[in-house]
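Here the chain labels run A, B, C and D in written order, and each chain numbers its own residues starting at 1.
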Amino acid sequence: MAEHSEPQEHQGSAHPTAATYVAIFAVLLIITIVEVGVFYVPAFHGFLAPILLTLSALKFTLVVMFYMHLKFDHPLFRTIFTLPLLIAAAVIIALLFLYGVFRL
Amino acid sequence: MSHAAAAHYTSTGLDSRKIAFWTFIGSECLLFGSLIATYLVYEGRSVSGPTTHEILNIPLTSVSTFDLLLSSLMMVLALAAVQRGDRLWARVWLAATALLGAIFLGFQAFEFTHFVHEGLGFTTNLFGSTFFTLTGFHGGHVFVGVVWLLTLLVRSFQGKLGPEKAMNVEIAGLYWHFVDVVWIVIFTVVYLIQTTPLPAS
Amino acid sequence: MGSVFSRRPGAARPVSWLAAGALILILAGCSGDPYPQSTLHPAADMSGAIDWLYRQIVWWAVAVFVVVQAALVVTVIRFRRRANQPEPKHVYGNTLAEVTWTLAPAVILVFIAVPTIQTIFRVSGRASPGALQVEVIGHQWWWEFRYPELGLVTANELHLPQGREVALAITSADVIHSFWAPRLHGKRDALPGRTTRLAFTPDSAGTFLGQCAEFCGESHANMRLRVVVQPAADFEAWAARQAESPAVDSTAALQVAGLEAFRRIRDPGQHTCIACHTIAGVSGGVAGPNLTHVGSRQTIAGGTLPNDSAGLARWLRNAPGEKPGSLMPKIALSDDEVAALVAYLRSRQ
Amino acid sequence: MSPASATAQHDAPVVPVAPTGLWSWITTTDHKRIGLLYGFTAVFFFLVGGLEALVIRLQLGAPGNSVVSAETYNQLFTMHGTTMIFLAVMPLSSAFFNYIIPLQIGARDVAFPRLNAFSYWVFLAGGLLLNASFVAGPLFGADRLSVAPNGGWFGYANLTSSLQYSPGPNIDFWVLGLQILGIASLAAGFNFITTILNLRAPGMKLMRMPVFTWMSLVTQFLVVTAFPVITVGLVFLMLDRIFGTTFYNVSAGGDVVLWQHLFWLFGHPEVYIIILPAMGVVSEVLPTFSRKPLFGYAIVVYSGVLIGVMGWGVWAHHMFSTGLGPVADTVFSATTMLIAVPTGVKIFNWIATMWGGRLHLTTSMWFAVAFISSFIIGGLSGVMHSSPPADLQQTDTYFVVAHFHYVLFGGAVQGLFAGVYYWWPKIFGHRLKEGVGKLHFWLMFVGMNLTFFPMHFSGLLGMPRRIYTYGPELGLGMLNLMSTVGAFLTGLSLLVFVYNAWSSRREPRVGKNPWAAATLEWAVSSPPPVYNFSVLPTVTSRLPLWTEHGVSEIPDTPPGPIHVPGGSHWPLMTALGILVIAVGALLHHHFVPSLVTVLAGLGVVVVSVYRWAFEPFEV
């Protein structure tokens, strides 16, 4: 039955190197500093939420893509993570609408 | 004749544990999604204080956010070390990850006790109930992660964490990074975007 | 499979019998009277709008039901196994068929959706400025009705003038209830901490039954209500009477004794009448129904007991026995006290 | 260690055989045995829930009846709903997931056999905890024996969240029982998604999977996404009750409608969790007994997936009467109507499958046809209350009770009975008696229509749900009496089934494929050997047994040694630990004993999980 077993992990996926990891960390760090900075600058307060949500989504994506290897891994993992993630986001947005936090 | 080969035949060529774990993470998205949604729809509805402006400590939480981000870096380095069979650095990075996780929990414990001293308990108001439940659930996940990492560290010292066991570390890493990204969201929507109207003073 | 059953055609045959019975019952429902809480016999504009919409939908449903069940029955009869039949041809699908039976329901749904959306905005609860304002407050397990413009408070029986729009502002004093008087409008939940709205114009006079429609605890079933729709003049007369506080007839000794008992009674558990009930000029409790005009009502105990001497006496002797879980406890009363209280309460016309 | 691996070094092929004895069942990790455990437990709870229903129907058989008290009635309808959904229909589906899916996809077991055992034991713990409330009154100082949950299966806050309105342990049993059952469902969900995605035999592409397996995959996806939401809602409820948090506390600014959102965000996908497996069963049964492949296989699969995804966007149609506003009403009405399209498509494809076939009207086939017939009715009444104004009259009346019983009883239960009669010979090696089976079917079909069809009218004519009594003035006595008579007929039909199951045990043995069906589970002996497949099959067709060379040869005796996972008792121990934690939480009125019990349970869980993780156990 050995003929059925296929190469298992990491086939065809070049994992990033330690340098990439450190670079990603640097980016995450910078975004975090910007986020906190934006929080303290009154000029941004009119549109704080969109800026911060965008930055946060960027960080989220970086960690998921690189540290969790979703960028390099089998597409199956992307599917089984993204679908629930989208449902969760949709649920949050729908509830915010229903509670009048957002309005069209 | 290797029955391991037969038993380990998989249709996708992927490790079953990893598929199951990603499914679990997908499920966790809905868990934290519901908690975050509740926090957000209730924000600003507390009928008594203290609430966000009066109590959240942004500089302190920025440091603990940095701490958790750094732990994620340690985690990927730990996985890389285990994969290449580097026992020494595997231990170093695993220990560092666990330590940073423990430090995060320390920050949280400090924050919680501070809040209680300031008059914000679990049942004080809607903000207290939603905030402690959301961050408490996250902290619980961090705690489980630290225990998991320490278990891996012990296995490493027992000599049972060679490259063939890299999947064990990879899955622990997925968990750890997911807990990190949840914190990225919480830090933004709870700490930085405060929609509670300022008290009229 | 030699069973006699296997040759019987049509799994859906009993269903079609039931469908026929269904139509008869729907038509019977239209005559109304045997079913005083029917949704199919509207007595107001909004219940009429809902009923009209429902009938639109139900005919579509009946049509689809007949077509699809018939297709099922015909298929089962026509293609049941017979002797010496060859193996059927393997058919894997048909694009045209799939497109047809995807589009057909979608088109029917458009015919349902358009009147639905029209009606949604019609029954949204917005009232015109001149509407009679009534506050509806659900309690475990009775209804409180307040008329802020008229300064009236009553319980379990909502009086409304015929032909005038009424705006109900509905909330709850404890758990979730749902206000439902089907001949006038659909349900609207009574939610603690929120106010929900209904607006409608009753178009015929009469007494319409309703009841709480959201499970609200032990005696949910005993939380009934009636809506008395009267011609405008009768309503005005009723409102005028309600605005006064009837005096005790000092020549009727039993009534005087009843008032005295109402003020005095205090059981070993420290329960009193006056702590929970308001009677204008006598007491100001708010936990239970306002009793100022209790004698004018058709029923007591959340609409479950007739408001006569026997009903009142049963209630006074053992309220939780009549309405399980009721906040009003069982108070030990002598026969004389019961008789006096009954006389007094019945005098509160 | 399993017997197989202990002897694996021998040269001669060793055929593993199933161990026997009670201990082997307690420690079993064999998906077939776990499936049987699920099945027997589900039927047991189904009978319990059915008895509850009969008492309910007795009470409502006449106006002003006094068979049971108000409190008992409220407990009965709460437990009837909770039992039927979580302890009967879902686990009956699980029984089929367990037994059939690995066979249908050509696997030797599920991906995580011990996790599978864990799911079962946790489910059993939750079921026992919930039902223990029927006799736990004295332990909590109650003045009656039964302190069963009494807030409805939907448990609306603040009736349930506030100790003022529900002081006893009743709701605590419900909150904790449901959380435990959630753990069981989630664990099974991860397991079966992985199994279906990753343990398919060579050649078993996704679009070659049997529809039952496909619908199970969608179901499990809904389980792993929907259960966390109810878990969060239940945690809030529990915290409100135990610690006095303010989630549903109106005076602190909390909102009672939030519970309804969280509950129905779960509750609507839950409807599909219940019905999709039955749709899958019917999609297997119809082609087999029509001697024709499923019409529009891909469309049926995609519409199932679509139903699963769209099922997330309709939850607020359960809440029209709360006054969401006309815009939200319109949106949720539209999504609800849309979901009728893929549902209708499935029905048409089933009928088209039979069209032109040679229908072998076995009991299983009758149940499948009755499923379609009932589902049409339940679907049409569903469309009626997708219209919010109409729903304002229909919601919380017996019209809705009729609607969802047509879907869940006429649909799910009859669909699952089609599966019971269909797979019985595979599981037990002999058929159920057809004559008794037909009696069972007709009694049930007539009984359920007599029970539920009049409810449409009692609802429209003004009968609200969840009332223990109603006055004679409503004029609904006759309709209710009809329902009561029908309920007893339905109950009788279940006794006929139990008799059939018992009396059929000496029916002649059947071969591998007694129905001449097309899918892979019929390629192995009945019942299948402990290892399922002597060699992993290679599949070249969606209908492997109806296609020449559709599947590689599967010899009756294995050509080589086969590793079969051994047993483990740690899943059971972990489940016990969880039960102890729940019992500790039940005692929350007494702080120290409660804390000690919770910590003890936690200790058992931690030790068991570590032992589980590090015990030698090869999959």
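Operating definition for what follows: a residue touches a chain if its C-beta (ideal position, glycine included) is under 8 Å from a C-beta of that chain, and two chains touch if they have at least 3 such contacts.
Computed from a prediction, not measured in an experiment: that's the story for all the values here.
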| item | value |
| --- | --- |
| Geometric centre: closest chain by C-alpha means | D |
| Pair joined by more contacting C-beta pairs (A-D or B-D) | B-D |
| Between chain D and chain A, distance of the C-alpha-averaged centres to the nearest whole Å | 35 |
| Chain centre separation (chain C, chain D; CA means) in Å | 34 |
| Separation of mean Cα positions, chain C and chain B [Å, integer] | 50 |
| Residues of chain A engaged with two or more neighbouring chains | 1, 4, 76, 80, 83-84, 87, 91, 95 |
| Shared interface positions of chain C, touching two or more other chains | none |
| Multi-partner residues of chain B (at least 2 other chains) | 3, 6, 8-10, 12, 14, 19, 23, 26-27, 30, 33-34, 41 |
| Pairwise chain contacts, counting only pairs that touch as defined | A-B, A-D, B-D, C-D |
| Residue ranges of chain A in contact with chain B within the complex | 1-2, 4-9, 11, 15, 18, 21-22, 24-25, 28-29, 32, 35-36, 38-40, 48-49, 52-53, 55-56, 59-60, 63-64, 66-68, 74, 76-77, 80-81, 83-85, 87-89, 91-92, 95-96, 99, 101 |
| Contacting residues of chain C [partner chain D, same complex] | 1, 3, 5-6, 11-12, 14-15, 18, 21-22, 25-26, 29, 34-40, 47, 49-50, 53-54, 57-58, 61, 64-65, 68-69, 71-72, 75-76, 79-82, 85, 87-94, 97-98, 101-102, 105-106, 109, 112-113, 116-117, 119-125, 140, 174-176, 178, 180, 182, 185-189, 191-194, 196-197, 209, 211-222, 224, 304, 324-325 |
| Touch list for chain D against partner chain C, complex | 69-71, 74, 150-152, 156, 158-159, 162, 165-166, 250-251, 254-257, 290-293, 295-299, 321-323, 325-326, 329-330, 333-334, 337-338, 340-341, 344-345, 347-349, 351-352, 354-362, 366, 369-370, 372-373, 376-377, 380-381, 383-384, 387-397, 434-435, 438-439, 441-442, 445-446, 449, 453, 456-457, 460-471, 473-476, 546 |
| Contacting residues of chain D [partner chain B, same complex] | 5, 8, 108, 111-112, 186, 189-191, 193-195, 197-202, 204, 224-229, 231-233, 235-236, 239, 243-247, 251-255, 258, 262, 265, 536, 560-563, 610, 618-619 |
| Partner chain A, residues of chain D touching it in the complex | 193, 197, 202, 221, 224-225, 229, 261, 265, 312-313, 316, 324, 328, 535-536, 560 |
